[in-house]
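What follows is chain A paired twice: with chain B in the first complex and chain C in the second.
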Partner chain A sequence: MNPLELTLGIMTAVGGFVDISELVFAAKAGSQFGYALIWVFALSTIGIIVFSEMSGRVAAVAKQPVFNLMRHRLGLKLGLVTLAASIVSNLITCAAEIGGVSLILNYLTGAPYALMAVAMTAILVISIWVLPFQWIERVYGLLGLFMIVFAAALVAIHPPWSQIAGGFVPQVPAGLSTKELLTFAYFAVAIISAVMFPYEVYFYSSGGIEEGWGPKDMLTNRLTSILGMALGSLLAISILANSAQLFGPVNVDPEIPGSAALEAAIPFGKWGLILALLGMLFAVAGAAVETCMANAYSIAQFFGWVWGRHKKPWEAPRFTIAWLILFMLALAIVLTGVDVMMLVEFAVLFSILVLPLTYLPLLLLAEDKKYMRQYANGPVAKTLGWIYFAIITAAAIAAVPLFMLTSGGNG
Partner chain B sequence: MRLDSPIKLVSELVDLPLLDTEGKYCGIVDDIELSGRPGQDLELKALLVGPGAYEGRMPAWLMWLIKKVAGDRVTRVTMDEVQTISSVVHLKRTGGELGLHTSETEAGRWIPHKGAL
Partner chain C sequence: MYKAVILILTFLSACSSGPPADLQYIKQARSIAAEWALINNQAKADNLTSTYVVSMHQSLRENLQTAFDSLSDKHSSYGEQMNALLAERADAAPAELRARAEALKRIEDDLESA
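The block that comes next holds the complex of A and B.
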């Protein structure tokens, strides 16, 4: 294990953790419910760690990514349903990320939103075409580390640390009306969905294959999953805590993604704002790349095409055509003028519906000794895996009613 | 798994990816071809690869749609061409030699061969 490679991998995971949905829901959750939803972030982070580690292990041992094995496990019909659902979910998520990054560029430059969407999509396409896989992953992940300014801002505003620590304890705030309780529950479901987006697991496991992981990389996989995602989650929790401290008491609702950047502007002025916007720009752009690539990986793996960005684009032509078309479709959605916040709402809603279908085959595969030999799930991974499967299934069942009852968390 | 070991055909083989001697994916085992008659041994003759092999595994309306979008091509890979079966089916020759890279090659004509590091 190369320590430099490991450190870079962990830092990439940290910088790439936050996406547009986490950004929005962390800021809104802090403003509306103070520190009371921190525990949902912590709970979901353990969930994504469990499933990412599992998917990395399956990739390293079975040498097969999730979707190859999913079709074998679920069969053609159910596999096709899962594929279709995940394509829709990832496409909406990708459109939300492109919309988010275009808004951030609009704040930074003042240029029109639609023009920024076209320009940013072109930059993302060129970067995937030109750069090898590891560079794509690292450029966006490492530049996303500008997001650390949110953690620094939290320290600078001297928040009540004991209350923040108390937020890690599962709780429902006392004295909420029925309407507020439903909104709280909707936020909890949306945070679980945003932290455990299915694209993250598709991208992570496919990335393991791209980088040629084998059983020797088991420790790298475990450390990257645990440390990278736990530290990344702390950035999201910082956004929530800043919002609880700065926006909540003055009844500011951070309705648009740019509101979160003000959290860094308050303690650090102009440079805080610029660093926050840059961090958001690269983190969200990285998420756009990941969602689009995850979709292309899924399609290529399901149909057995040549795939991967460790190959030149013309060496995996159908895979290349797939990600190009998916980027164009996501851009087309953005250019219809649909509100970014609505895209974010639909992205989390569709994703939570797909999550059980995504994670069940992975759980079964990681337990299968025929594929995984001595690396199959042990008692801890097995127990956590099934507990989280129950949690995401319950969240998936509750998601649509809560979305309808709360008008997407807007009361 | 050895080729002469007993295999539960449907669960073990169908929907597994195919890998050629160059390590390239060559599609998925979409169906299998068996031979034999009542009272005789059943023999696995070939793997069928391509959207046309979905026939019988899909509702008629979906099959109609698949044929419109992806065509009804089926490539037959005889069992003589199979090296091993594990989490993938390893083939003895390249996908090109077995006629499994036709669509990939056709798609390649649309992609410029430059610009990538």
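The block that comes next holds the complex of A and C.
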């Protein structure tokens, strides 16, 4: 097993796991509910590990990407509905990521937000065009590891570790009013959505096919899923715990993505701030690449086009045009001046609605012995898969009413 | 059934006005004041870059202005607090900003317990 292959998992975790939605919801959850929502991060992390491992295994054995499965399992009509919903959800998410990156660049350089959005989109497009798939993942994935400064900051501020450990136990804080309970439930649903974003699975499984995974890569797939996602989850939990410790007691509910960087500045000063902003920049930029590419992969796979970054752009012309147009559309959304936080809210809301339709065909195929032979889901994967399918279905049903009742978590 | 529930919720949220409807903006303003104080405090301790401070001030002020513009009653006590906050200089003293945050928090608590 080549250690470098593990970077695919690291990028998925850091670039996809800690994206703009994670940053926002982890910081807000910590300031409003202390450590009480850590267990939702842990629960969702196990969920994304289960589905990522499953999608990687299906990619390695059946050589089937998610959207190819969807078309065959759901039929053309329902498959098209899922594809359309998924494109909208990923497009909003991609716009939120580009908006987030532009804001972070604005915090770093002071240059105008709109100019940064255009410049960053150009850089992302060039990097995808020029770099081979493996280098795209290495550049954003490894530089995104600056986010470790959030974990270091948590250690430096000497938090109550026993209370943080207690946060891993499923709980609903006592003494909440009905309104606060609804807000708590909304945050739980939003965290499940943000951690289990469908684009992560599309990107991961397509990446496995790009890299020519086969049955021999089963261990790599399992390790990258578990280690990569666990690392991402620890960073997100660090942001939450820092927020609980530093923001909650002084009545700050972080309203803008830049607030999270304060968590590293308080213990480490300017260098902590700069490292945090750089980590956020590369992690969110990585997520922008993933969301856009995931969308292009989905469209190409659904319609049976030639696809993949292992080919030259002109060897897969419709796929190339698809990801270029999707980047332009995401940029156009950002340039309308819509608030990034609003984009984040809608990205999370749309994603949770698509999630059950994304995971059902994957779950069905992963347990189909005809395709998967001895690599089909065993009792543990099968049980966990269906438990998580029930959880995300319940979350999808609750998402819209909770969003409306709590004004998007604002009480 | 699902659509009916959504329609009812939309209708109810559209009907509310006055302090209960403004509560989310009061909360937002309280948080902005507190974050502004935290930033100015850290800036005084030389923990932040000047570029970051300027950008954060701008973002916070824009959000505060949006929250103020969204109020259904701008001449209420909380409207006046928010207006006064908007009039503050970017480098206002952290203690002064914290006092504004606490005043808004009291109003918020009163409204929530009513």
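Throughout what follows, the second predicted complex is superposed on the first by the 397 of 411 C-alpha atoms of A that agree within 3 Å, B and C clash if a C-alpha of one lies under 4 Å from a C-alpha of the other, contacts with A are read in each partner's own complex, and residues count from 1 in each chain.
Heads up, the rule we're going with is that a contact is a pair of C-beta atoms (placed from the backbone, for glycine too) under 8 Å apart; a residue touches a chain by one contact, two chains touch by 3 or more.
Please read all numbers here as calculations on a predicted model, not as lab measurements.
A.B. asks: Using the superposition on chain A, decide if chain B and chain C clash or fit.
C.D. replies: fit
A.B. asks: When the two structures are overlaid on chain A, which partner does A:277 contact: first (chain B), second (chain C), both, or neither?
C.D. replies: second
A.B. asks: Is A:211 contacted by the first partner chain B, the second partner chain C, both or neither?
C.D. replies: neither
A.B. asks: With both complexes overlaid on chain A, does A:254 touch chain B (first), chain C (second), both or neither?
C.D. replies: second
A.B. asks: When the two structures are overlaid on chain A, which partner does A:410 contact: first (chain B), second (chain C), both, or neither?
C.D. replies: Only chain C; A:410 stays clear of chain B.
A.B. asks: With both complexes overlaid on chain A, does A:367 touch chain B (first), chain C (second), both or neither?
C.D. replies: neither
A.B. asks: Taking the C-alpha centre of chain A as the vertex, compute the angle to the C-alpha centres of chain B and chain C, in steps of 10 degrees.
C.D. replies: If I round to tens, I get 130 degrees.
A.B. asks: Compute the least Cα distance separating chain B from chain C in the superposition and give it as a whole number of Å.
C.D. replies: 24
A.B. asks: Looking at the complex, which residues from chain A come into contact with chain B?
C.D. replies: By the definition above, chain A touches chain B via 62-64, 68-69, 71-72, 75-77, 79, 129-132, 135, 300-307, 312-314, 317-318, 320-321, 371.
A.B. asks: Per the contact definition, I'd like the list of chain A residues that touch chain C in the complex.
C.D. replies: 103, 106-110, 177, 179, 247, 250-256, 258-259, 261-262, 265-266, 269-270, 272-274, 277, 339, 400-401, 404-405, 407, 410-411
A.B. asks: Chain A touches which residues of chain B in the complex?
C.D. replies: Listed in rising order, the residues are 14-18, 24-28, 30, 49, 54, 57-58, 87-88, 103-104, 107-108, 110-113, 115-117.
A.B. asks: Which part of chain C faces chain A closely enough to touch in the complex?
C.D. replies: Per the stated touch rule, the residues are 5-6, 9-10, 13, 23-24, 27-28, 30-32, 34-35, 37-39, 42, 46-49, 51-52, 54-56, 59-60, 63, 66, 98, 101-102, 105, 112.
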